[in-house]
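We just call them A, B, C and D in the order they show up, numbering each chain from 1.
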Amino acid sequence: MILAATSVAARSTGSADAELIDDLVAANRILADQGVLDGFGHVSARHDKDPNLFLLARSMASALVTATDIMTFDFDGNPIDPRGRTAYLERFIHSEIYKAHPGVRAVVHSHSPAVIPFGVVGVALRPIFHLGGFLGAGVPVFEIRDAGGETTDMLVRNPELGAALARTLGRAPVGLMRGHGDVVVGRSVREAVFRAVYTEVNARLQSEALRLGQGQVVFLNEEEARRAAETNSAQVGRPWELWRAKALAGDR
Amino acid sequence: MILAATSVAARSTGSADAELIDDLVAANRILADQGVLDGFGHVSARHDKDPNLFLLARSMASALVTATDIMTFDFDGNPIDPRGRTAYLERFIHSEIYKAHPGVRAVVHSHSPAVIPFGVVGVALRPIFHLGGFLGAGVPVFEIRDAGGETTDMLVRNPELGAALARTLGRAPVGLMRGHGDVVVGRSVREAVFRAVYTEVNARLQSEALRLGQGQVVFLNEEEARRAAETNSAQVGRPWELWRAKALAGDR
Amino acid sequence: MILAATSVAARSTGSADAELIDDLVAANRILADQGVLDGFGHVSARHDKDPNLFLLARSMASALVTATDIMTFDFDGNPIDPRGRTAYLERFIHSEIYKAHPGVRAVVHSHSPAVIPFGVVGVALRPIFHLGGFLGAGVPVFEIRDAGGETTDMLVRNPELGAALARTLGRAPVGLMRGHGDVVVGRSVREAVFRAVYTEVNARLQSEALRLGQGQVVFLNEEEARRAAETNSAQVGRPWELWRAKALAGDR
Amino acid sequence: MILAATSVAARSTGSADAELIDDLVAANRILADQGVLDGFGHVSARHDKDPNLFLLARSMASALVTATDIMTFDFDGNPIDPRGRTAYLERFIHSEIYKAHPGVRAVVHSHSPAVIPFGVVGVALRPIFHLGGFLGAGVPVFEIRDAGGETTDMLVRNPELGAALARTLGRAPVGLMRGHGDVVVGRSVREAVFRAVYTEVNARLQSEALRLGQGQVVFLNEEEARRAAETNSAQVGRPWELWRAKALAGDR
């Protein structure tokens, strides 16, 4: 398996588009700067030359990631170009989602603080405002006990757990992980980042609205959510420019 | 229509007062720095030479706006001086409010985070302290379904929706937009900014007070609110100097 | 009256201790940096040479105050050394507290955000932890309607309202102002700053604890509060050094 | 006693490992930067050469600590190398925990804001997500009235109170102090810092989840908590690098 992967590597490593790498580095920094990622969590991109590979930083805090930290992985979670670099324990979140969902081109796994409470109580995360419209597709919750039993360490640390998570996610853009965090996917790095940030914002607003309204809240209806999501997907470049400028300001 | 607008432009473009432009740029930066605007939302000013025109940045995050990004629009939402610049989809919020309300000289549209919950539950935003006195005039809520039906993308993206919003706003300084955000108007850019910031602060304090007091809260009465608002309108220069210094510090 | 004040000025202006002025400037900056003051609110010190005078910045945001902004006032609220500088409308908060309470050497008036809710609901602010021990003396609430009727602009804008506030405060270190903010006094500028910061912190913690415990909370008892306050008053220099370094960092 | 200590000092002072001192200085800065410590609170390390001594900064705000501020103490709380430096009043928290628990190599005492409410209400702090797994061992609450009576100043200011606190803590990594704060211990400085930061994060998330779920929350079970804690203890270096870089950025 590793040999096969290595031969793939000979074909693809180092050939990922420079702009894709740049976006992925920026995504790492942005998600930290926006409070979605802390010392843990990660973001990946499907390889632009080979859809059976993906790009993910070595095991480190996303706020510190630079281009030289980006590694290439195959769908077994094996690094193509380790060069002594350590891989995240939970890289199988990424590999299995890319394997199961061909349309996904970027994956964020985070411990997004306002989102975590929604994963441990029986209250569904729903679109409270237009920027959370993408949540209208439904937000499934992954209970690791269903796939891994009662005695895991909560980590999606092997292909089986990754595949179970990918199945729970289905075609939704966001899936919660009970007692852990969430996964957010997109058709581009920028879209995944947009969704990850606004999943956090939506969760914060929804939690507050539920308290203020004592549970009586008007959410976007299905069609409003769908159309808002469509409109917003064409606008992800606007906050991206701002977030990128802020997150990379220290690099200048 | 565009030809007509262009002939107006020949008369007015470029002639807006330099101090007004400067205030509008500062307003963009301040509202971002104070957490009222994020990558989305915008602030405009009525043109000082021609009351049938208004000034608004091109489609971009307000935190990054400079003087060269300020465009001039007519009341149909057509840019007088596009020069290749893209306009905000929701410029009709501004055009229709200026058209309907001659006394308004500045408009803020935001996704002010503490305010959004008040737009989706049946709890009125009310003045909890003197700096929110301007809310005493009442805070109407715009339900886009009433004007646009059940299947909009939530955006005020045409003159008809803008006109409906302007009608709902009436003579109030602040109007909420269900599942979206709010609009705040003022008799000057500085007053609109003052109100936008303190609408957010008041919402945060009110939400907290309602919880702490389990719904039993003493609000400003009508006369207290009116008089406090009058006093404060004469004091908007004080926080403005501070906010401006902070927001533009990076430019030095 | 103004003439008399001026003759006092001839005796005292400019002669306030340099360290006191320095502490007062630092207090202005610290209270802004710690989120107790925003564009509004102020902090004063009793004059060290003449106990019938006090020092207070001209009307401006505290975050921008420097030594040249510090003015001297008499107990009628008249500036001794205006030199064209404008006085805060609410300087009577300070003048009347100094007049009524000889042991007070510093006064903070703020719109401290976590504190305001306690002023508008029937829940008393109480010491939730040792650093809020000074609250154990009781925290009275000033209802301006009692002194000024139902139609004020909420501001303590004359000696009569100031005197009423000073009476309500009594010997307590902290008094709330309904629909407005609070006043905090100390035996030194540093003690008043310490108390103002920890009044805000205590309010935040108490509000959270009341929710978490659904109203069932163990507060410090009277003796714990009194002793903790005594101990902490001897420790105010420790956070002061930190806060001062942070708040004045930009001046270097 | 002091003489004996001094003779120990002759043997050990100055000989603590440079990397340990460096970690302890970084821990002081990190805990301030992460909002666990403010002007008060402290962090210590057991001496690497002599297990009956420990290292702790002089009485000052942790955010300002440098290597020259680190003092060495014996288990009676006597400084070995005072050189005119003042010791924290509550150094007995550290001395008695090191004395009672040989496996502990670092101790944090803080007024961690999200944690304090859990110490004053009848709601147990429990692991809401994998990074709080170490809380699964149970979080005891120290009631100072049990050891010191009804009239203390709330401080653990002598060996007797320190010993009582150490007994309450037992083998748990975290213990709350009613009306005061908490203590967190670790097998290394980095582990104690990791636990202190995630105790705060877990408290914030748990409080929010309890409200959102109206008390119905799925916590990690005992085995999930134990295994997650084990996994995470091997990962403390990852956030440490990030936190250290951020906290010491100003030193460059």
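In the analysis below, contacts are C-beta pairs under 8 Å (C-beta built on N, C-alpha and C of every residue); 3 or more make two chains touch, one makes a residue touch a chain.
Keep in mind that what you see is a predicted model, and the values were worked out from it rather than measured.
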item	value
Of all other chains, the one whose Cα centre sits farthest from chain D	B
Cα-superposition angle relating the copies chain D and chain A, to nearest 5°	90
Interface residue identity across copies chain C, chain D - same or different by half	different
Chain centre separation (chain C, chain D; CA means) in Å	33
Cα-centroid distance, chain B relative to chain D, in whole angstrom	47
Touching two or more other chains - residues of chain A	211
Chain contact topology (line, ring, star, complete or other)	ring
All pairs of touching chains, each written as two labels joined by a dash	A-B, A-D, B-C, C-D
Partner chain A, residues of chain D touching it in the complex	127-131, 133, 201, 204-205, 208-209, 211-213, 216-221, 223-224, 227-228, 230-231, 235, 238-243, 245-246
Residues on chain A engaged by chain D in the complex (per definition of touch)	38-40, 59-61, 63-64, 89, 111, 113-114, 116-118, 120-123, 150-155, 178-181, 207, 210-211
